[in-house]
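Quick one: the structure is below, and I'll ask about it shortly.
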Amino acid sequence: MSPARMGFFTDTSVCIGCKACEVACKEWNAIPEDGLKLTGMSYDNTEGLSADTWRHVAFIEQRKPVGLAEPGVDHAGPVPDSGTPPAEAPMTPTTPATDALPSSLAPRELVPRPHSARSSARRSGPGGELRWLMASDVCKHCTHAGCLDVCPTGALFRTEYGTVVVQEDVCNGCGYCIPACPYGVIDQRKDDGRAWKCTLCYDRIGEGLTPACAKACPTESIQYGPLDELRARAAERITRLHDVGVTDARLYGHDPDDGVGGDGAFFLLLDEPEVYGLPPDPVVTTRDLPSMWRHAGAAALTLLGGLAAVFAAHGRTGGRR
Amino acid sequence: MAECHPVGFQWVMEAKARGATVVHVDPRFTRTSALADLHVPLRAGSDIAFLGGLVNYVLTHEKDFREYVLAYTNAATIVGEEFRDTEDLDGVFSGLDRENRSYDPMTWQYEGAVVQAASGERDQEYEERTEAESTIREAARGEAHGAGGAGVSGEIHTDETLTHPRCVFQILKRHYARYTPEMVEQVCGVPQETFRRVCELVTENSGRERTTAFAYAVGWTQHTVGAQYIRTASILQSLLGNIGRPGGGILALRGHASIQGSTDIPTLFNLLPGYIPMPHAHQNETLDEFVQAEGAEKGYWGNLRSYLVSLMKAWWGPAATEDNDYAFGYLPRLTGSHSTYETVMAQLEGTCHGYFLMGENPAVGSANAKMQRLGMAALDWLVVRDFSLIESATWWKDGPEIETGELRTEDIGTEVFFLPAAAHTEKSGSFTNTQRLLQWHRQAVEPQGDARSDLWFTYHLGRRIRAKLAGSADEMNRPLLDLTWDYPVHGAIAEPDAEAVLAEINGSGPDGRPLSAYTELTDDGSTSCGCWIYCGVYADGVNQADRRKPRTEQDWVAKEWAWAWPANRRILYNRASADPDGRPWSERKAYVWWDGQKWTGHDVPDFEPGKAPDYRPEEGAKGPDALSGTDAFIMQADGKAWLYAPAGLVDGPLPAHYEPHESPFTNPLYSQQSNPVRQVIRHPENRYQPPGSEVFPYVTTTYRLTEHHTAGGMSRWLPYLAELQPEFFCEISPELAAERGLEHLGWATIVTARTAIEARVLVTERLTPLRVGGRTLHQVGLPYHWGPNGLSTGDAANELAPVVLDPNTHIQEVKAMACDIRPGRRPRGPALLEFVREYRRRAGITDETGMEM
Amino acid sequence: MRGWLESWPVYRQFRGEDRSGRGESAMSRRTAELRPRVGTADRVVKSVCPYCAVGCGQDVFVKDEKVVQIEGDPDSPVSRGRLCPKGSASLQLTTGSARRYDVLYRRPYGTEWERLSLDEAMDMIADRVIEARERGWQWEEDGARVRRTMGFASLGGATLDNEENYLIKKLFTALGAIQIENQARI
Amino acid sequence: MTGSEAGGELPGREALVGKGPGRRKGRRGGRGERAMVPDATFTSYYGKPIINAPVWEPLDIAGYFFLGGLAGAGSVFAAGAQLTGRPRTARALKISSLVAISGSLVALVHDLGRPARFANMLRVIKPTSPMSLGTWLLTAYGPAAGAAAVLDVTGLFPRLGRVATAGAATLGPAVAAYTAVLAADTAVPAWHEGYRELPFVFVGSAAAAASGMALIAAPAEENAPARSTAVFGAALEVTAAKLMEHRLGMIGETYRTGRAGRLMRAATALSAAGAAGAALLGGRSRTAAVLGGAALLTASACTRFGVFAAGMRSAEDPKYTVVPQRRRLEADAG
């Protein structure tokens, strides 16, 4: 009997942005340093998942409009949203939550939300109160994994735990998996040539150990376990959050009917996925592959037929010129 | 807490999941704020006003836990007639000696009695307590002697109705009456509405059924009134009945693996192990006189002589005899303060020639880093023991003064030894964590190359010095040659056995067997103990600090994991978790209780096990016997939690809001601007800014980030941490950016009277302007992890800080400073000096600036 | 020949159930033999994180007398096996390239580091302590006996073990030094 | 922005949000009341791309596409030429196909991060991987094209030569077309979303290239089919590209703007000019034929590089990932 499918449930509502996951991952997998660059993207200086960053903590400074301005404090200058590259921004870009409704323009709520997720801050301004979202991103270990599907060498394979792993002794660096990933996870290590990504600690889980990131996570924002259990837990959590009024909370990647057949690593987010740099509706590219082949076949036949027609029309040499 | 103690924060999250409300009070919006229910930004350096406002709220709205207050605090105690409060003297207390910048604390005492403090400054009433006539002029402020001749003890007077005008409760009420929500708003920049919300949250969550905890870190201690910050919280928590109870307390979140241990077994000038004071120089002082002066009549400090004699036996063994006062005379004597900052002055003056730095990086980690480096440049020799070539090891080659031309490598005579240190995996030993838990770490591998533990270094250095001086008849060498200095060693490198050292710390009885509790210590020389509060850590010859029973196999108190001092108690003063009759205040909050025969409960009771709640001491009883069955605060001379501190602090019995030494505001509460007895140091490299200077209109505060550790010695060199925060930056609000033309990711120069540093700019709404004193105040956030060496680099924030100290703790004020900030990089080379001189000129700074009381 | 063939995933693809070549047929021998280094370690040594004062438990994994991994100790009631980014970087802290293993010496007025044996350095330091101690010795100050030296000082970090602090305080006090300080003050 | 504005209906920051072509307001409002106009606003994580752009070198991979097309269509053309008695054209195109396919192989290997591990391409046969199938296809096609050329030039084993020629011609269209699937089977919006037309663009481009090669290499008396093919190929390429651009909607702008836009416009112009020149003048003037052929070859290359550049552009800007997905979600919800 094959073991249960294992995965991650990353509950960003309790993430404290400590980056222990990033470091624990690097220590375990001996991943090279990813560059020393101050990005100005809040406290995120690793920018995103890459060949050398398999766990990445996003930081989003955000205004939650609640419709009350701080008297006497003017916000000078334009304040762009978090989609603005830091170099073009006059400050760490903040953005109103994308789903905030005008109906929430209620007087500033100082009553703490009962064991809710992160609070919005006391500081209010024209955009509302400030909140600071943090989220640890990772390879999604998709049910239908584009990277795995397109890999021509079998370097990528699906393990007995349902995870997707690159075999470093096989990968020849063709690079096909890289644009195939709808999440922009897998990437090529420049001086190495091969593609790298999270293995969900394939070596560790094989011995019943917890992946390095989940083990280190101080607040259990990253939870590891059988996917079925995680999904049940997540459903419970989201209900509880909704019950206490955290209406922003939503699950991402939990649905087996989504474009990638559900993620092995899914998330609880407090805003739209794209705010965190995640695609809102990812689809495995190979879903359309049969149709692609059909179109390609038609095109090939068009080529064959077209040329046959040309030659048929022109006939043998000496014929019509 | 999420920012600096992420793993500890998991328990806050647990509490949150169980319905706790988390309030975060901090000038900046941190990772803790992000998870808190309420973030309250306030002006750095205004916490006493904030906490004082809470005290006032509790008193005016009668939200105190009256039964607790009456039973366990000194609320009812009558204070002497001579005492004058800040209310009477406009911001100062009685006994202020303006000439010597110090207080005579005698007028602060209770009526009819003189009590000693359980900690803090205990030598200040030496003469009153020893009734000795003396002509010594103490060099240090804070140890000045009063002229009074009050008795060393006496009967404490109380008024259980709390109505006597001189009872502590009434004094407290009067003292804090001016700390109104309006005042809090004006001083702290916290809107009244928000402040009231905090008041409600704290008081609604305190009492019989509920407890509130306060957690703090150096944001409270690194001020010229740091000790008084903690005192204010103590008053509040005692009034609310939140001490000695589960879920309560004032929790110091300490920043280093064994910083608690470093004060328990202190490498601090003013302490001997177990908080026994280092003796000050007094004429022909005997052991008995010392004990009389420093000990207490009542409570466990009444046994000071046993603790000290046992320490002397541990150090000098057979050479410590009754005849020589147990070698008490071997101890060197203090004359005032000899803290690390005075040491730097001594280096600059040329009286201190050699310096050991063991895992410490003052060249970037101490206030006024330049003075630290100049001090080192004046040394004959310097020994640096660390993992990497930290700034304190390389300043002679590439320090900032080389760049400015103030120093030339070829002219620096300091001989420098760099000795590589062993890591925690390469040696055995114990760390004492922030909750007083001694945890043993076992050696995993041998250190490579020349790397050695500090245990090895100290032991072998001592061995060599003793060998070189062996046979010397010189009296000065007696303490060294008589020292017990023979530890078993093992392995190829002859590493001393750390467990043998732990056994010595634990102590042994007349039969040589390990002691199991400090109550077994005697003052007749038959027991030895290197640190009385650690007695029991090696009980039964077992390393109790190495106990590792998995948490899943024991209850939530986890008493069988490692060992907490004292006596493996996890919550101090836990007698207070039960009511005066010994019953838990509530079932929810049951912790220890009297079962009719003895004290019992989840924890080790912090009380004599067989002392019934109704026990009343006999007339003339001493030490622990003098404590009644309801005196829960057993280390205190009167068994009570001190709302009012009649002794122990050199800057007043009650906390009062004083402005930071360098503040852009004048004190709205009193005409006394700053702590009158704050410790100032006059030096050309330590110029101070005038209060309220328009040249330095902003407030800056230093802090840590999750990704780095302290001054960076253990993080800036690690690629995995360096890449997470790759360079020094400052954090400012968009409003300040607009005001000063600072650009996101551009450069800023931050200036104080000492120097200017540069930092990349993060403009963020997490920093917020406040309305303080009727104007908008901008604050500049400076993480202080950086220096020029390592992978992640930048200027050190500590370059900016003045050396100005809390007079109790001698800790520097780096959490609230005034500064200027401007766009662009700082000048290089000698131009930097001229740049700062110009600032000083504009602000009218002289060597007298800031020296006023 | 057969062995070679069986190691060819295409062959396995057609023999086994993994027709699409996305599962076990694509597995390499190295992958099949992969084991975590915590599983192959010779021993696990119980330790405590050296960074902040929370005191998280650590498991130190040793293989061939080298530390190969450090992670949280799940038994600890303090930390429950978790570590922050610094604690998680303990392996790099203790075994990384930043560690130095040689004694270095800068002579007075020197412009560069020089090498020195540990033994020689210890001997030189002992001599210097004796000399500075004598130079700064005081029997009395303002008529009161002080029996001390102001000639040398010490400043320790707060990552020192209790036992280390104990020996430092004991030795330096016996030498008469009083300027013994620690990060705890700072 | 001022405090007074902040008290209004919507948070004042609203107007500044969104770097996309439209305004966020539509979508926001759309929550409660379905927006009439498709909304193209989006947010992102500091403007960072969502997907990773290919790490392929344009010269390697666009070159590979071009050469593969030239080879594949060339083999078909060669067979046609051979069957219709145009042996010089047939030989020339067999040679060009061999050279092209060899070149494409070199480009492919060159682009690998670990070229020494090229053989790992033959570890598995993966129906889900166009690159895997493509490699096996090339494994069959390459020798066939090689044999066809070598046997033609040497004159050895003519029967075998005919079989090889027929084989290469059979596989040729697949070689020309599969690279479109290779590109489309990624998350790159400009490629994936164009998967219906992209094969036609590619085979059109391939036919145009082959015709261009024939125009250059073949004698004028044999080039009538080449001229017709030029028209056929160019028309197919340009029409398919236009259709694709249209279907892509906002993503289509990646084909119109920037580097890709310049390349695609050049391709269209050169195709039109080449085909027209060849068709009208190529039969009479050798120079016109060569010029027309060169224009067609260049046009084909431009198309490949243009497609490549559009793909890169669409991958690097998160808007091309987010906005279409958002619309899809909202359409589903609606």
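Letters A, B, C and D mark the chains in the order given here, with residues in each chain numbered from 1 onward.
Everything that follows uses one rule, which is that a residue touches a chain if its C-beta (ideal position, glycine included) is under 8 Å from a C-beta of that chain, and two chains touch if they have at least 3 such contacts.
Computed from a predicted model, the values in this text were never measured in an experiment.
Visitor: Please flag the chain sitting at the greatest distance from chain A, going by CA centroids.
Guide: Max centre-to-centre separation from chain A belongs to B.
Visitor: So what's the Cα centroid distance for chain A and chain B, whole Å?
Guide: The answer is 44 Å.
Visitor: Compute the distance, rounded to whole Å, between the mean C-alpha positions of chain A and chain C.
Guide: Here the centre of chain C sits 35 Å away from the centre of chain A.
Visitor: Determine the centre-to-centre distance between chain B and chain D, using the mean Cα coordinates as centres, and give it in whole Å.
Guide: 70
Visitor: In angstrom, rounded to a whole number, how far apart do the mean CA points of chain A and chain D lie?
Guide: 29
Visitor: Can you tell me which residues of chain C touch two or more of the remaining chains?
Guide: 9, 21-22, 25-26, 70, 82-89, 92, in rising order.
Visitor: At least two other chains touched by the same residue of chain A: list those residues.
Guide: Expected reply: 18-20, 22-23, 27, 63, 72-75, 79, 86, 125, 149, 154-155, 170, 218.
Visitor: If a residue has to touch 2 or more other chains to count, which residues of chain B qualify?
Guide: 6-7, 10, 706-707, 719-721, 724
Visitor: What chain-chain pairs meet the touch criterion?
Guide: Touching chain pairs, listed by label, are A-B, A-C, A-D, B-C, C-D.
Visitor: Would you pull the chain A residues touching chain C in the complex into a rising list?
Guide: Interface residues on the chain A side: 18-20, 22-24, 27-28, 148-149, 154-158, 160, 165, 167, 169-170, 201-204, 206-207, 209, 212, 215-218.
Visitor: Within the complex, which stretch of chain C touches chain B?
Guide: Residue positions touching the partner: 45-58, 60, 62, 65-67, 70, 73-80, 82-90, 92-94, 96, 98-109, 111-113, 116, 118, 121-130, 132, 134-137, 139, 141-171, 173-186.
Visitor: Going by the contact rule at the top, pick out the chain A residues touching chain D in the complex.
Guide: The touching residues are 39, 41, 47-48, 58, 60, 63, 65, 67, 69-75, 78-86, 88, 93, 95-96, 98-102, 125-128, 146, 149-155, 170-176, 178-188, 192-195, 272, 274-282, 285-286, 288-289, 291-293, 295-304, 306-308, 310-311, 313-318, 320-321.
Visitor: Which part of chain A faces chain B closely enough to touch in the complex?
Guide: Per the touch definition, chain A meets chain B at residues 14, 16-20, 22-23, 26-27, 32-38, 40, 42-43, 45-46, 61, 63, 72-77, 79, 86-87, 89-92, 94, 110, 112-116, 118-119, 121-123, 125, 130-134, 218-220.
Visitor: With touch defined as at the start, can you tell me which chain D residues reach chain A in the complex?
Guide: 1-3, 5-7, 9-14, 16-19, 24, 28, 31-32, 42-56, 72-73, 76-77, 80-81, 83-86, 111-118, 120-121, 123-124, 126, 128-132, 134-135, 172-174, 176-178, 180-182, 184-188, 192, 195-200, 202-203, 206-207, 221-222, 224-225, 228-229, 232-233, 236, 283, 311, 315, 318, 321-322, 325-326, 328-329
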